[in-house]
Amino acid sequence: QEGDGSRLTVAIAQQVDSFNPFTAQLAVTTNILRHVYDRLVTIDPETNGPAPSLAEGWETSEDGLTWTFDLRDDVYFSDGEQLTADDVAWTFTTIMENDAAAIASGNYVSGFEKVTAEDDRTVVIELDEPQATMTALNVPIVPRHVWEPILEEEGDAFSEYTGDDLPTVGSGPFVLTEHSRGEHIMLRANPDHWRGAPGFDELYFRYYSEKDAAVEALRSGEVSFVYELTDAQITSLESVEDIAVNIADGKRFQAFTINPGAVTQDGEEFGDGHPALEDLTLRQAIVKAIDNEEIVRQGSNGQAVAAGGYIPPRYSDFHWSPEGEEAILDFDPDAANEMLDEAGYERGDDGVRVSPDGDRLELRMFVHSDRPDNVQAGLVIAERLADVGIEIDNRTVDPGILSDALYDAEYDLIFTGWTVNPDPDYVLSIHTCGALPTEPGTMQGDAYFCDEEYDELYEAQLAEYDPEKRAELIHRLQEVLYREAVVNVLTYPNILEAYRTDQIEDLQLEPAEGGNIWGQDGYWAWWSAQPAETSGSPTGGPSTGAVIGIGVGALVLVVAGAFLFFRRRSTMEDRE
Amino acid sequence: MSAETDPLTAAVGTDTGETPILRAEAVEVAFSSGVGPGGGRGTARAVDGVDLDVAAGEIVALVGESGCGKTTLARTLLGLERPTGGRVLFEGAPLSHRSRDLRDYRRRVQLVQQDPMGSLNPRRTVYESVVEGLRIHEGTTVDEYERVAGALSRAGLRPPERFLSRYPHELSGGQRQRVVIAGALILDPEVLVADEPVASLDASVRGEILRLMLELRENLGLSALVATHDLGLAWNIADRVAVMYLGRVVEVGTVEEVLSAPEHPYTRALLSVLPDSGVEEGPVVLGGEPPDPKRVPTGCRFHPRCPVLASGEAERAGVADMCTSVDPEVLAGGPGHRTACHWAARVGGPESPRTVEGPMSS
Amino acid sequence: MTTTPTAADGPTGAGADDAPAPAGPRGPGRAASVAVYVLGRLLTAIVSLFAVIVAGFFLFRILPGDPVRAMTEGREVTAEQREELRRQFGLDQPLWLQFLDYAKGLLHFDLGVSFQYREPVADLILERLGPTLLLAGTGTIIAALLGLFLGTRAGWRPGGRGDRINTAVALFFWSVPTFWLGLLLIVLLASGRGFMPGLFPTGGMVDPTLTGPVERALSTAQHMVLPIVTMVAVIYAQYLMIMRSSLMDEKGADYLTTARAKGLRDALVRRRHAVPNALLPTVTLIFLNLGQVVSGVILVETVFSWPGLGQLFYSGLQVPDIGLVQGLFVVFAASVILMNLLADLVYPLLDPRVRP
Amino acid sequence: MSGLLDVRDLNVTYTSGAGDVPAVRGVDLSLEPGDTLGVAGESGSGKSTVALALLRLLPAGTRVTGRILLEGEDVLTMKWGRLRAVRWVGASVVFQGAMHSLNPVRRIGDQIAEPLMVHGTVPAKRVEERVAELLEQVGLPASRAQDHPHRLSGGQRQRVMIAMALACEPRLIIADEATTALDVMIQAQILALLERLVEENGIGMLMISHDLSVLSATCKRVAVMYAGRIVEEGPAHQVVHDPAHPYASALSAAFPKIGDPASRLAPRGLPGDPPDPADPPSGCAFRPRCAVAETVCATVDPPLWPVRPDESGRSERHAACVHVGSGRDGIEGASTPGETSTEETSR
Amino acid sequence: MSAPTGSVPGPRPEPPTGPEPTAGRSPRSLARRRRREALLRFAREYARNRAGMFGLVSLLVIGALALTAPLFIDQTHLTVTGAPGDPFQPPGGDHPLGTDNFGRSVLDLIIWGARVSLTVGLLATFVSVSLGTLAGITAGHFGSSGGTGGRVVASIIMRVTDWFLVLPTLVLAVALAAVLPRGTGTIILAIGLTVWPATARLVRAQTLAVEARPYVERARALGGGHAHVMGWHVLPNVMPVVLAQTTLLVATSIIAESTLAFLGMGDPTTISWGALLQAARTSGAISAGIWWYIVPPGLAIAVVALSFTLCGRAVEAVINPRLRGRS
């Protein structure tokens, strides 16, 4: 038995797709692999900017096409081999050259020309075009001596290789040692990690397929940490002794997009979006009729922030929010009604407006049935739009149906939402004209949005290495999005988490102010977490618990049995 | 003692040569067991070639021991069982198994089942059980109530009101049987096929029921085939009697002929065991198990239990070999006294020597 | 018309003066006929299974949604990455080719690959089969025994106090949703709030830190208590009700009077005579349920995070992981088929009358 | 008075369904070991009810009063435990409709063995042997013990029931239409068997049957029931062949005799309506159907009188009819009948 | 076949009322009168059963509340934007059962939810019980006495039933619910179409047992056709099984709705008991100890199910001759 050390238990729900860092995509696995493999650059919890990790420093060539990373010289894999520039170069090259290995991180290297190991400590990356996201390469660096043989052996089947040879060999603060599917995942601390040993000896992920059960497990001390809580759960946990709740600024935004008339990149129209929605006035009126504050209140029970721009305020540099004059789409149902009246949307007898072309404003709204906040927001929107004479056919459906509707452009309004990375490039890229489908059904983004000004701004920000200038460009991008009222952000839901203070002493949030614990872009939380003084191992109890439980069960059985027996005894005589 | 001149027998004219109203022609019914755990292979030849006529207005008794195929024959006559060989004729026409034809047929021919316990639906009242046939054929009629009451009182359940709303489990065995009879009579059938109709009735009620049958025959020309193992019943009402053994009729003739001057050793044994039979030699109790229709013995089917063969009398008559190897022919169904026995054919009956009808092919 | 003696029908012979022995149940052809019966059943089962496989395949293909999109939803992927996935799972091929591949795979017990886990579905299922069988098997057996026991009580004296209380309680549990009851049990008995100590774990199957086999077994038993209680509470009513009504049907039978007349205790009359007869219709139901129970534990497994097939299905459904869901569908259906087959084979043992 | 069975004033009233049915009204019976008492009577007259009452097997809710002394113990007031001990050992029953009285899912061997085990009549290892013996006794090969009831013919099932009834060597056997479903051949065997048992083991037998010839051949004494009462009782031969009560004589006359030209094609029944147990006619229940009824019959329900008594007023036979010898005197003498005569029935 | 099939297996359904002035009535009106009287008698007997009346009354009350709900519940109070209270108010004066996460009164929601839940429960049960009974009786009847043609029909029915039977109910319901458009109708269909095979199996087994009884043969010997045998003999004898199934299925159907919601197949925008439970669950009310949001919907389902059982029990007591006069 080796469980004497300190252990931190996390309740998780999502299943493991793969521990192959080249193919793992699900949030749980990427989160876990983040603790197993280091990246070149990580994020600084204090500043929210790039921070050195494997790379001590980096520099860019004049034309911005060549990046040189200087590696630390004290990084060892858990099998004792040193990590060198060769490992880095091999990792990137493999992703670039092998389709199967590109599944997880292919998007980061799509602009790479070549990656070379200058010497043991220096990696040089050459780009096709300038790329501002180079300090946010979320690519795990793997030991070449371990993975090269695997890659060769698996060949075409590499994409199916799930990396279940445990323990893993990585350079990160933890080593993945055990995985029992659907039961638990075990990580042991890497005491020789270059950044210093983690506080806990073991990181233990335990499966709870039902969130309420996980919360109860937190109450009973069986787990140390739960995440993705609801408002009601947070509220009730707040008052519990030895439990701390953490309400972090959201990384996600919740939005709905309006189908402005779907077209392919060649301009071929398809789908059956409501024709009137091509009209900017109508789209803007729809947005004006919706009160984001109310959605925060009703849809998220206050656990969200009403949105303006596209990028959550957590990323303060990139966040933009319409102020004063800019805030043309603020909640104002009267103004919305007026706009519509003026634009010729007459109200019919039933109070529903009819477009100037004679189309009744009955709009299909698709809502994710599996997202309670979407469902609730959907209800609010449907009711609010009724106020301005728009009838909503609320289709709260399976994700599958919803995505079919989206890709076939057979919707009018549809819910969406993204988790935004510290570098927002990707979520911005999906609204460029290049994200439009080449043929129906192949869209990259989540709205049929295409705007020249937007595309120009997007290209510009990608090539802009100066953070402040880039932030400015990104603000303007969001303004365009806001104005066009195709992608309409409603709220930024808070991240709700809780942990036991009698098990976890102290941990690092990311960002330090209003940051979250689970799903950090670095590994700060679990690396920094310290066992509490009183920390009894959370699972230290079960054997006594087992004894009590089984004892009680047995007692109940015995009592019931005795009762039945005697009852029978007493009545048996007099019965026929 | 011969009853050939019995006025009643003559009156109903079994000898007139008209087509019999109901006729079994070489009827064979074999049950083949399916396959399944528990085994039980082989074919049970429950009825193994029976010719039997029931003339209009005639009452025929079918007697025989348990398991000899009486019930099966009765069910076959009603079309409840399809014969595996031969056919059933009603008024000279072969019985059609089309459901419409069967329905009409079953209006005119009624069955009284052997088992009064099981023949009544436990969830139906007496009224409902009796009226069932009426409803099937005539729907609800105005005089339904009267007819039900009439049928019940004719069957001896008087006053009928007392029984109408009872359920079968509230009746005595005899009362159940009478409910079944009432249910059959309510349709005024032309032919009644009754399987042990009075087995659980006391003598007085039974007499009453039998008298009712005779009355119906007189007034309405009812014909009947009564399957029973009760020879007294045959004596009471039947014109003719057919003795069955292991799926075959082994002796047939008028009641007087068969019961007073039995020829077949089996019939004689039957009569001898009646409690107050006047047989001097004492009861001839046949040994052994009742024969199994799955294994019909070769030769005369009765030979393994035949007292005549066992006592060596057949040997003396020189037919012992035939007994064990030659199956006597199927007896014709019409009037006349016939016996399927090699020994009887050779030496004749004890009192009135007769010949067995010679081997014939039909 | 002549009747020829048929020698084939049985041993007869000149001079055989005792009647041929009755054909006992253990005739010579018994083994053969049993084999034919069993084979026939097996064949039917196989045909059903095939039908199910076809149905499963096409049923899940018409489910809306593109699995690859669903898998990559919310993450930063390029069109090429998606295409790669699509190719990997053979989703780029025409449907009939996919089916042929699938059918071919089935012959080697290859149920395809899970989109979500990137692992052969068969492996995933095998891995989870044990826990599910443990949970579902124990639960059903307890529920059936409890239901039959209480149903016997209730049906023996219908309308009595025991009957009223028993059926009311059973129906109450029957009418509450599984997840509702399960979660309440966790709240009440596992979380240790208020004065109640946390008696049972909130989920999972075994405490992984334990290594000794005895300890692990004990820990598993402890982890099983709440799921089993939930499962039993929710399903035992069905057994109770069916047993009750068939026993009531049987109550008027004459053989019960016989049994009583023999001087049997009331309990014996019930146990030895009434129950075996009343059990016959119930057995059908038990086997039906045994088959369905594997899929029926979806909710219990989900609530109690039991690492079994149900939870696997639930997770597959969330994605949706067509390969997995379809594989599970086949497995669930196969379990029903298997149980039906067993029922067909067992029933004749219970009811001599259906033995041909 | 310490006979095997002594029934006094037995009344049974069914209460289920539409109203009460007084099926048995004041029946007295007594039986000595080694005796056979036959019971005949009209269908529905309460014969089976009496049989069931003897072991308290009537459906719940049925009202039973009177006294049933089985070897001196009153069955009606027995504790359940004692009653169970008495059942099948003290007295066993072959039910009417015995074909339905077997459990369809249990092997007949087990069913026969069951009372043996329950009552511990024979040691466990001898049970099988005993079952085989019993089956042989009733003319079934011992191998049939392995069969289930549905594999047996009606007659065979009936014989199984008889074998079962004999299992514990009871002091009293109640055979309710035990041979009705049997063909004459087997009936003869069974009757012979029963007679032998009664004789050899000195057990008592209560035999209910419609077949008067069977009763007269097998039983020492016969009782005739009508409308829930015993209307005549006496030595079998006399009651069957020379009945005193009008109903008994009607019954006897109705019984067919093969070879008797008088009954040929002339079945005799009994005219008139059977009595309604729920609403019996005043006076003698048979009065409405009686050919020799008089006015007095409408008021007096006669008890059992001695028939043709000897000087001391005793007789082997009793009948409940005002026309029967002392009966008339009794009524005309306006003495209270009943007590004396019923007392005399039991020797 | 025009055989009359007494479909109401009422108590003592025939008039033992003596020879009445029946002259001048047509058989048709007589039949009608007979049926009416049977029904009346049934009602009278039923009314004597206290538990049955209790169940009936409570069902009627719930049904009446559900039907008249629009009269006393302000529908704007059921909307998210028009919620009258604050989220998660505990039970108190204004809201006897507290409020949900939007601030809507849980009591109002329960009453309103009865509309959908009862509809789902009743219709789905109706669909599956009638389908199952029909299939079971037909298969059982023709399988045992239909001649070759009948046997073919029976075996086809049974094959189909068996085939449905082996499909895992829940999985199939999920697939159906996913394919069909979301809504109450779909739920009803998904439940109704997947639950019936079990009923069919049970009914068939019972039918086979009944068919083997001599009274069925007697009916056939009387000339009764298939319809007669099935309706007059088989149906009353399978009623206990059917009733037992029905009482169980009502609850099953109501719950199935919430189970489908649990699996993500429900329509969270409708107000029903199942949806309420699911909403309570997704809002984390259970672990947050907001019992007033979780317990009432569960209890409501239980009450309806119990009431149905009481009714079923009473019907059974009335139609079973051996149970008559007890309880």
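Letters A, B, C, D and E name the chains as they come in the text, with residue numbers starting at 1 for each one.
Note that in this section a residue touches a chain if its C-beta (ideal position, glycine included) is under 8 Å from a C-beta of that chain, and two chains touch if they have at least 3 such contacts.
All values reported here derive from a predicted model rather than from experimental measurement.
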item	value
For chain B, the least number of touch steps when starting out from chain A	2
Comparison of B-E and A-E (more C-beta pairs in contact)	B-E
Rounded Å distance, chain B centre to chain E centre (Cα mean)	50
Distance between chain centroids, defined by C-alpha means - chain C, chain D (Å)	53
Separation of chain A from chain D, taking each centre as the mean of its C-alpha atoms, in whole Å	90
Distance from chain E to chain C - Cα centre to Cα centre, in angstrom	24
Per-residue multi-chain contacts in chain B, two or more chains	115, 117-118, 122, 165, 167, 169, 289-290
Interface hub residues of chain E, defined as touching at least two other chains	12, 178, 264, 281, 286-287, 289, 320, 322
In chain D, residues with contacts to at least two other chains	16-18, 97, 100, 141
Complex interface listing, chain C residues touching chain A	63-66, 69-81, 84-85, 88, 113, 116-119, 124, 127-128, 179, 182-183, 186-187, 190-193, 197-211, 215, 218-219, 221-222, 225, 260, 265-267, 301-305, 307-308, 311-312, 314-315, 318, 320
Residues on chain A engaged by chain C in the complex (per definition of touch)	1, 3, 15-18, 23, 25-26, 99-100, 102-103, 106-107, 110, 159-160, 162, 178, 180-184, 186, 206-210, 212-214, 216-217, 219-222, 370, 398-404, 407, 417-419, 421, 426, 442, 444, 539, 541-543, 545-546, 548-550, 552-553, 568, 572, 575-576
Residues of chain C that touch chain E when the two form their complex	48, 51-52, 55, 59-60, 62-64, 158-159, 164, 167-168, 171-172, 174-180, 183-184, 187, 191, 193, 237-238, 241-242, 244-246, 248-249, 251-252, 280-281, 284-285, 288, 291-292, 294-296, 298-299, 302, 313-314, 317-318, 325, 328-329, 332-333, 336-337, 340
Chain A residues touching chain E - in the complex, by the definition given at the top	211-213, 215-216, 219, 229-233, 235-237, 294, 298, 301, 369-370, 372, 375-376, 378-380, 383-384, 394-398, 400-401
Complex interface listing, chain D residues touching chain C	52, 55, 57, 83-89, 92-93, 95, 97, 100-107, 114-115, 118-119, 141, 143-144, 146-148, 150-151, 161, 164
